[in-house]
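Each structure below is given as structure tokens.
Two complexes are shown next, each including chain A; its partner changes from chain B in the first to chain C in the second.
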Partner chain A sequence: MLDSGKLLLAVKDLRTYFFTEEGIAKAVDGVDFEVYEGETLGIVGESACGKSVTAFSIMKLLDYPGKTVGGEVIFKGENLLEKSEEEMRRIRGKEIAMIFQEPMTALNPILTVGFQISEALMAHFKMSKEEARDRSIELLKKVGIPLPEQRVNEYPYQLSGGMRQRVMIAMALSCDPSLLIADEPTTALDVTIQAQILDLMRSLLQGFKGALIMITHDLGVIAEIADRIAVMYAGKVVEYTDKRTIFYYPLHPYTFGLLTSIPRLDLELPRLNAIPGVVPDPLHFPAGCKFNPRCRFVTERCKEEEPSLVKVEEGHSVRCWNVERVSKEAKEGLLVGEV
Partner chain B sequence: MTEALLQVKNLVKFFPIKRGVFRKTVGWIKAVDDISFEVYKGETVGLVGESGCGKTTTALTILRLEEPLKGQIIFEGKDLSKIKKSEMRKERKNMQIIFQDPYSSLDPRMKVKDIIAEGMLTHNLFKNTRERYKRVGELLERVGIPAEYMDRFSHEFSGGQRQRIGIARALALEPKIIMCDEAVSALDVSIRSQIINLLKDLQEEYNLTYLFIAHDLSVIKYISDRVIVMYLGKIIEIADKREFFSNTLHPYAQALISAVPVPNPDYKKERIILSGDVPSPADPPAGCRFHPRCAKARKICAEVEPELKEVKEGHFCACHFCAE
Partner chain C sequence: MLSYIIRRLLLLPIILLGVTFLIFCLFSLLSPMERLATYVHDPATLKNPQSVQRLIDKYHLDDPFPLGYINWIKRIIHFDLGWSQTANQPVWEAITQRFPATLELVLYSIIPVVLVGIWLGVISAVHHNDMLDQTIRVTAIVGWSLPTFIFGLLILFIFYGILEWFPPGRLSTWAQNILYTSPDFRSYTHLITIDALLNGNIPMFLDALRHLIAPILTLSYISWAELLRITRSSMLDTLRKDYIRTARAKGVDEHTVIHLHARKNALIPVVTVAGMQIIGMLGGVVITETIFNYPGLGFWVASSAQQLDYSSVISFALLFATLMVLGNLIVDISYALIDPRVRLE
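Moving on, here comes the complex of A and B:
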């Protein structure tokens, strides 16, 4: 499945900083990944690792004090960072669409669901009101909303959280985009509703020629939906490879730490292997490798010199000086058994 | 079996829905509707369910931070549901709570040492301020925060550290039971495991009993000895952890477990996708509250509410067909 499609998006050394009164917060500071047609890239990381800012940077949706200061976002061969606002407006929604975490705040509370879906259709395809409305009903049906003819006239507050997220998905799919970015689309939902939405997304992906970027903090969600995974920490991609490799042969101490620190439904764990310390503040990142104060593989070199994202084998890149030591321990210490 | 530290019997808590100029009560939110369970000394009981199932209200009602409408709360043989508020305040020394949101549960205008010492002062635990603060320092060190930080304010700490402060505050009164209300839900993955490990260590050290409320079944599985599942104000299943996860009986509990995304690319399971949303607790369905979403529902489910029956020793289930 991997590398089967054409290269759709290549993000190269993306840097987005926030120029705040307290200093420069390097929210995204060196993000590289590629997305191919037909695949799902999972971006995983904890709060403030820069995963959402990466998405907003690709869409060029950042306002002051946030600014993309470096790198390239090559979408279908063209660098989006060089596009004007006018050109971006033609791309957003039509070529690249986004699903946000909190559907209640992402939807406009004073406009009907139907209007909000129609808006993009009328803007991008010059559809008439009636055509757009019919298409909206079709889309609502496609995302599994019962009685779409009735729902199309309702307001977001009349819908449950799960329904709202379905509306968001309908909106995102309305113009048949080639890239869909979903930013924690199920985080605010209950587990059973999350399962419904993931199920819906999986079934929609079946007939989808484009690609999906799934941003989440939940390794379980990633294991279910992603083909390839980028693990982010402190504004950087620290490990980038396919799903099986991430779960079975992680080479970055942070990935390894995350995998052994989560309580598991499929395993009996004696004790959680907690990563010590706290997630660093983007205003005060440590020198050297950003993970070094929390890393148990740390050496003097890690404190002084920042490693770059290096390809260690085909399709597996890691940002760490101690790959060999981590690899050895991960082979012994990882509890991912065949179930 | 060891003795029950806490017995909840037929506990009911409804919230009025008020409308109009005269705030007339037009209905009731049936947050907790006739639930009974026991918590034994030294164990961790995991209380799990989705939003609106009544799990938080259960904890607040046990502490009488919300007044129960009906039912008994028997703690160490004493019924707390009838005693005066001033007496209840004394009882709360033995029953503490850790809240979900470490941001809103700590007073931003108080120094950390005063947040932790407040309960000690109320209960006259120490002779003077110096001794109290000395104890605060010990507690902070125990939960992993340097004692010299006690003069700081809560906003100077990260989410994980604040949750540690919340734990120190709960420990300050040397309680017998602590209600952990989604105590790790708001935390990042790497921080969450630190707090879970801390709670486990403290339990051993102080012989604590936990009522651990969470929506995350992976956490529940890791930390609990027994599991209670709630749905729309009712308990639908109670069992020993191992029994619960290996022999889940209630269709809702089965769906809940199958819905959890597992961080293992080779984990194969049959996923039960529930249709629809959780109905409103103001107007729960007749009969079994789960029947409109249940794949196994039959005629009787819409008519008769199933009772929580003991199917096997220690395994209770509220489903007409769970014995099949």
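Moving on, here comes the complex of A and C:
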């Protein structure tokens, strides 16, 4: 049902390491997912699990000392990892655009918002300054900024956080990209503004023919917007399936843990469960399954041997040795809510 | 913005008062007899206590401190900065006569300071940690750790002593003759290079330039090295900013990313340092001019200091402090031109 669109992006076994002085930090170490035209993929996980690095690896915008050391990023049939910097420049902004987490720091403080939106238009479509400016005003109007003719000449410091994020969205949509990557677009905003921005994104998606990758740590956001979900932990995709399956039939202990750690109106959980421990330091990952020190279902095998991402049924892959046990408990714990 | 400038200008006299007070304090540490030494031409006078006392009275050397200071301030307000023993003319005249030479030196030194400092700083940051960056950094470290008097002597030794390319002084004798005696030569600005061009005298222009190169090298090295250091670190810092990644994510070409998005932001802290460095060069001229026998303010004030000619030294300090405060004001105003966030406040 979901696979109706054409395959737009396929990330295969992506590995991005940071070569620091203390050692090699494997920030992304085996990420696989696909994005089809017209669908929204949610990438969910705790802070520092490699979500953003995955996005930057796709865009080839990694900062030193980060380097993609393996895997493939097939976009419209071509491997982006083999593209030159100049070829990538023509793809960025035009084919793949990005919305960043911090609207406060992601806009250049000394350039007007109008210029910052115009720039992509001038770079990719060779528009004149005036044309690009007119188009910028239209875009500002589209993302719901009042008085766009006036705002277009203002500097980021004159706008509120929510406004700046709207500007970021206008900027990302300016060239009508086929793929939009939103990296925690609502995290830095307060709750009411978060809701407004999500509403805006949803309404813009209605007329948007391309695909969206939504990166977030917020399962609520994912539930609202995503079609398919990749759960990441310690640089790896641990579970990958559609939204309904994730929320009601999770097979990975981490996904299950996340779901029972948030309050849900459709379930009567006796109490919220916290996942014990913290995300491991990417310089000192545990042996075996990276989740084993925090896992309720841990066995001896988990500590020695790392599971690989296995397709358990059509459209559902998971990286765990104890799928049956998790499945059984999850059914008891979560299925009550499904109507 | 305007009220800010006015407020800053009102502060100027107070700062100057503080500066003169400090300098006057230093001179008061000397006894009247010691200060008298400046005014004595004939050692025989010192043998006669009466004539010594007469001289002390004449120059008000044993006035109580506050009185001496107040009298001095009064005279300054009327542009009477006293008599320069070293120059053998009134201080004000001595300053106005020597200022163009120093100004010419400092103005030309701004070019390497700003261009080389900022330009190399940006290049160094963009090529972070590779060979080019390392070479530039080593050059800069040498620049700001080598004292001017050593570097200046090295330059003098190599380019005059061995190669004989850049002679000391301000002009060769033949050019001086034209400058001081030729009825056709008109001084418009008292900056010799410019006057020579205005008079259409190219050989004289080249001669003046030849004399300027070595002092410029010496004077500017420490300043551009410092500016390079600041530009490099500011630029490195800016290149890691989120908005640089945003610009790249838009598909803007690398040249625009570096020179528009990064450099403009990186220059904000650099402007302060550049302003200070340029004004600081006025202080740097003391050593440079002495080494190269360059007849400017610095050369004069250095000999004044040696001869305890305090009216000259204190006037130079006053001039330097005024320029420093005005320079800082210009720096603050130029902030507003770069950074829109400052404009409305």
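Criterion: the second predicted complex is superposed on the first by the 326 of 339 C-alpha atoms of A that agree within 3 Å, B and C clash if a C-alpha of one lies under 4 Å from a C-alpha of the other, contacts with A are read in each partner's own complex, and residues count from 1 in each chain.
Everything below uses one rule, namely that a contact is a pair of C-beta atoms (placed from the backbone, for glycine too) under 8 Å apart; a residue touches a chain by one contact, two chains touch by 3 or more.
Source: prediction; values computed, not measured.
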Combined model on chain A: chain C and chain B, fit or clash: fit
Chain B versus chain C as contact partner of A:93, first or second or both or neither: second
First, second, both or neither for A:263, with chain B first and chain C second: first
Partner chain(s) touched by A:332 [first = chain B, second = chain C, both, neither]: neither
Touching partner for A:199 - first (chain B), second (chain C), both, neither: first
Touching partner for A:314 - first (chain B), second (chain C), both, neither: neither
Which of chain B and chain C A:130 touches, first, second, both or neither: neither
Which superposed partner A:21 touches (first chain B, second chain C, both, neither): neither
Chain B versus chain C as contact partner of A:221, first or second or both or neither: first
Larger contact residue set on chain A - chain B or chain C: B
Least C-alpha distance (whole Å) that remains between chain C and chain B when both complexes are overlaid: 8
Residues on chain A lying within both footprints (that of chain B and that of chain C): none
Of chain B, residues touching chain A in the complex: 50-51, 158, 160-161, 188-194, 196-197, 200, 215-219, 221-223, 245, 255-268, 271, 273-274, 277-278
Complex contacts: residues of chain A adjacent to chain C: 56, 59, 61, 63-64, 85, 89-94, 97-98, 100, 102, 105-111, 116, 119-120, 123-124, 155, 157, 168, 171, 175
Contact set on chain C toward chain A in their complex: 128, 240-243, 245-254, 256, 260-261, 264-265, 338-341
Touch list for chain A against partner chain B, complex: 46-47, 160, 162-163, 190-196, 198-199, 217-224, 243-244, 247-248, 257-259, 261-266, 269, 271-276, 278-279, 294, 336, 338-339
